[in-house]
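Two complexes, one shared chain (chain A), two partners (chain B, chain C).
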Partner chain A sequence: MSTATTVGPARTRRADRPARRQDGPTPLMAVPALAFFGFFAIVPLFGVLALSFMSWDGLGDMTFAGLDNWQRTLANPTTHNAMRLTLMVTVATWLIQTPISLLLGVFMAGHQKYRALLGVLYFLPLLFSATAVAIAFRALLDPNFGMGQALGLPFLAQDWIGRPDLALYVVLFVIAWIFVPFHSLLYQGGARQIPASMYEAATLDGAGRVKQFFHITLPQLKYTIITSSTLMIVGSLTYFDLVFVLTGGGPGFATRILPLDMYLTGFRAHDMGGAAVSGVILITVGLTVAILLNRLSGAHKMESQMEGI
Partner chain B sequence: MAVDTPARPTATTSAPAAPGGQTIRRRTFSTRKRPNLLGGLAGWIWLAIIILPIYYIIVTSIRPQADMFSENTLSIPSNPTLNAFGRVFANDFLRYFGNSVFVTTISVAAILAVSLMTAYVVVRSRKRMVKRMFQVFLLGIAIPIQATIIPVFYLILQIGLYDTLWALILPSIAFGIPLSVVILTNFMRDVPAELFEAMKVDGAGEWRTLWSLAMPLTRPAIGTVGIFNALQVWNAFLFPLVLTQSSRNRVMPLALWSFQGQFTIDVPGMLAAVILSVLPILAAYIVGRRQLIAGLTAGFGK
Partner chain C sequence: MNFTKRAGAAALALSMVGILAACAGGARADAAPSIWTVGGGSEPMVRASLIDWNESNPDKYIEHEVIANDVFKERIRIALGSDTPPTIFHNWSGGPLREYVENNQVVDISAAAADLIDRVIPSVAANGIIDGNVYAVPYVQAAPVMFFYNREVFDAAGVSPPTTFTELLEAVDALQDVGVIPISLAAGSRWPLLMWIQYLSDRIGGPEVFNAVLDGEEGAWSHPAMVEALTRIQELVDRGAFGDAFGSVMADQQADTALVANGNAAMILQGAWAFPNMLGSSPEFVESGYLGWFAFPEVEGGVGDVRNVVGNPSDFLSVSAASTPEEIEVAEAFIAQNVLNDDRIEDLLSIGAIPPIQGIRDRIVGRPHDDFMLWKYDLVLNAPHFQLSWDQALDGARAQALLDNLSQLFLSQITPQDFATTMDALQ
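This part shows the complex of A and B:
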């Protein structure tokens, strides 16, 4: 960033900063944040693990259960189904959202006049609560008075949410509806950072748009892709509220993904120990993916990548 | 910053909301002459996909219930009415709305206060312990909240807050802290150390430095973090579902869900409630949109 674009206090290089630092403020100022985070996030993090070895119905006393919960849960076909669905949702949401977001993001990075308008409107789905989105889509997909009726397309007028073979597609679509715009905005930011000179050189060399996309845009967006993928994959472990309101996990077990299975096991079937096992699995997978992808990218590179957005 | 990224000498598109609250845009992604047809097509199609459901929510909320089956679902209602909104208000809507405002306001204020203090320590302190702490917050971003709900439920039961609004506020603060600290820290790092030193020479204590130097210069990031957390807390569903029970302590998303149970056949009423629930967030978005997006992407990248 040239100095011309810097507004306010000039940014200085980080490398020469620490040498000038004195002792700095008392760490006591960080205590309130640590206390909240420690008590309601770190303690529960280990609490899930502890609870997975306990037997508890949510109301009465807790008793030690050893490995019972783990054996029961890991042998439970419902849990297996939930894990399979979660894996499917994770892979499918990535496969659906990444190409679309990339395409949209790169497009929005251009200098068309209406680009700003698209950016504003693209954020709208993120403002609605998952509950609101689920309610709206339930109405919208109603075979009697929904979209299918309005557009006169019999294909759309199916019982989307009531049919086990269709409900999962609805879930995937609604997830994409909410999150594709956000990832597009990430890619838009990434694409705007690519130096125009690279494209100029490629154009002079006679490279077409497609070639430029695969040889310049895509490699240059590597770190944006990793950031976006991390958010998508870790996010897939948390689509509880959306699925809960949209389908309730049904019909049958067709959309009962792991976070939902955990809730239903714990708070409906009053098996907190069994639910905690699912919780441990979710946390392990989430943190592992986040750490792996972070390693892959090298945090400092990602930093400079995102600097100018 | 050209020194930092020699590989990208011209990477100067939109500057981040710099300390001082202004953004500067410079376009470099502009060498292409031919329009990107595929991208353009996709952009407009996706816009239609986004807008159609929102349009549907709006027109249906003002369509009389009697016309639901006789009129085309996507047509402009021939007899628009606000009756559906009246039915929502008649169902204790204001109480739920008030609960949400209370929970969101207190949570966001607390998140901002404690995260700002922490960011200040992280930026200004050289202690290794502080660096470790920052890494814990970085990792904390990746914890799926849902997975810890059972122990959170247990804790809330133990401290006797079950079925109170405080049961929502305390964990909401905790889970809002990591990302807020990270974004505020990244932003505050750009305040030149000389300014802090100057404050010190002038004899200002740490609190005064935080209040009259760090905070004003971090204001854009505070806006980002504030709106983002407001969005999270306002729209949260799992905490209210698990940690509260009575309708007295019901917040908006939970109210929407129970409206759905009561209003099964009253689609306009349900969608009117959806609209009312999104209005405050929409207002916040309109006010702070640019900062929200810029700050979020910057925060996630680091």
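This part shows the complex of A and C:
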């Protein structure tokens, strides 16, 4: 005991600088990560901002265009349509996925064996690449060779991704199919953190399952809901691969959301300036929403919900 | 603590290795001339030809990279824009080639390609020649667009291959009566839509109609022949010529040709590549002689030559101006000695493809499916004008708008007049 106490302070004294008083590794260790982040995220960010004031076709010389790209892009009906669709996708994604993920997650949090098995099955879509999922759904939904024909169900043999009035719903469905497992996983983790004693107390007080869900589970999952919603909303602003492969933005402009519009403008129509404007808008909206969500919900304070336990 | 420190050092070391590897990669690419070609139909042939070249010319070694078709345009544009292009690169001629020439990014290869250009069918060679100088040479097969049809389905409906647009409309009605989709159309892939406007505008008004668009003339899209062609398209759509579920049919999975092969649809307007595709996926259908073909019919009252064809005249190779003189020398030797030489012509013929070379009729006779090969060869050989696909011929901005608007036209979301007005605004 006495040796231990003498050795301890001796070590601290040898490295007796105020900075070393903190716990954890030295901040120097963050340098590689920060360097990567700065080089591959922050620098391009300013590059995109600068590009939005330039006129460039990707081949010739860049010329300064002033506010030209901004005026043109903000007045373009295709961009308006893309913004409207992106807003719709964001709102619909949240409305569809949150209740499903929440219920599935809480269900999977139970420790019964069959629930663990179902949990593994629900989790599967998350393992597939978005491109593969899009190709698979395109084949399944094909009116001539898809499941409508295979199963002999005429209702399923609709021209799902070929009709402008149906395509967006198909996109929303497939997005939900891919991402619900992820959010369910978040809620499962969240629900398992809730102490069993709370439910025991509630049961003793005569609260039923539904009451327990609304008065214990839901409030306890507050921060999980915020995390999941932030990921969902910011994620909907960047859906690209899935929609690109599934519909290519078509038919017509029916599923041409803003990230896709940005890609097509930049790399297909060779209007890098116009595409950069869309990029800046997406970044600004995404960051603003993420910060607002965090502030409004009070999550940045991250106060404990376990007081009194 | 000790562990995290070591992990941090490892990460740092790894990143250094990554950077070093990236530098080494760049250095290696500089050492030898390089060539980029696209993956797809002729890829095995092109691969073999490069291996052959490198074995017989070890002093003129060329590094070969194959890039997937869909991403090729973006990749080459980024490489050219950042001054790191390969020495020789694939392109489809047309608008992008014109841009490369305007930006001095490709070199004039007239001298090295003189012999080759003499042998190539003129309507094909014309695509790589700008202001009298050769900037690109064809290196694979010509792929004209034509109608393919299911003979069994045509017989069942009592229909024979139409030679006029009116006959085509009659055939559409008769085929609908027997309950098949008259014409299979991969509208989901969008580019097959182009074939219709290309052929119709050519048959109605001749190649001049689109040449005016290429030249950037004001109001070129409002040309009466263009508007009539657009109107004819909607006439076909309204008649149900393409069925009611063409919007999600994709050409890259060959769903469009499969519909014809299995008898759900009667005919299809597609590139010559549809033949080997169907031979691969439905051999019994092709081998038993149920697959027929015919040229795009004439449109009554039209002034265009019915022998004109549209499609891909060929794929082309250009030499980048950012190369060193030594690299350009190797590239010119490759073009003069290897591109479409006797061996390459044989390679193409042996896979049933048609090299865009004059005077090879005798070499086609006696090969498998030589009836189709000869018909296809004559179609290209006799064509006064071979129109490159419009999306390749135009610059990116107009090509993109064209596909968008054409897609809406086929969906009946806009009228021919809307189409013309929107496209004219971009001229």
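One rule holds in what follows: the second predicted complex is superposed on the first by the 264 of 309 C-alpha atoms of A that agree within 3 Å, B and C clash if a C-alpha of one lies under 4 Å from a C-alpha of the other, contacts with A are read in each partner's own complex, and residues count from 1 in each chain.
FYI, a contact is a pair of C-beta atoms (placed from the backbone, for glycine too) under 8 Å apart; a residue touches a chain by one contact, two chains touch by 3 or more.
The model shown is predicted, which means the values in this text are computed figures rather than measured ones.
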Touched partner set for A:G60, first chain B, second chain C, both or neither: second
Which superposed partner A:F107 touches (first chain B, second chain C, both, neither): first
First, second, both or neither for A:L51, with chain B first and chain C second: first
Partner chain(s) touched by A:I194 [first = chain B, second = chain C, both, neither]: first
Per-residue touch tally on chain A - higher for chain B or for chain C: B
Touched partner set for A:W160, first chain B, second chain C, both or neither: second
Touched partner set for A:A150, first chain B, second chain C, both or neither: first
Touching partner for A:G279 - first (chain B), second (chain C), both, neither: first
Touched partner set for A:H270, first chain B, second chain C, both or neither: second
Partner chain(s) touched by A:P125 [first = chain B, second = chain C, both, neither]: first
Chain C-contacting residues of chain A that also contact chain B: 25, 29, 32, 36, 58, 138-139, 142, 144-145, 267
Residues of chain A defined as touching chain C within the complex: 25, 29, 32, 36, 57-60, 78, 138-139, 141-145, 157-164, 248, 250-253, 264, 267-271
Complex contacts: residues of chain C adjacent to chain A: 1, 4-5, 8, 11-12, 15, 74, 77-78, 80-81, 99-100, 102-103, 105, 187-188, 190, 244-250, 253, 255, 258-259, 264, 395-397, 399-401, 404, 407-408, 411, 413
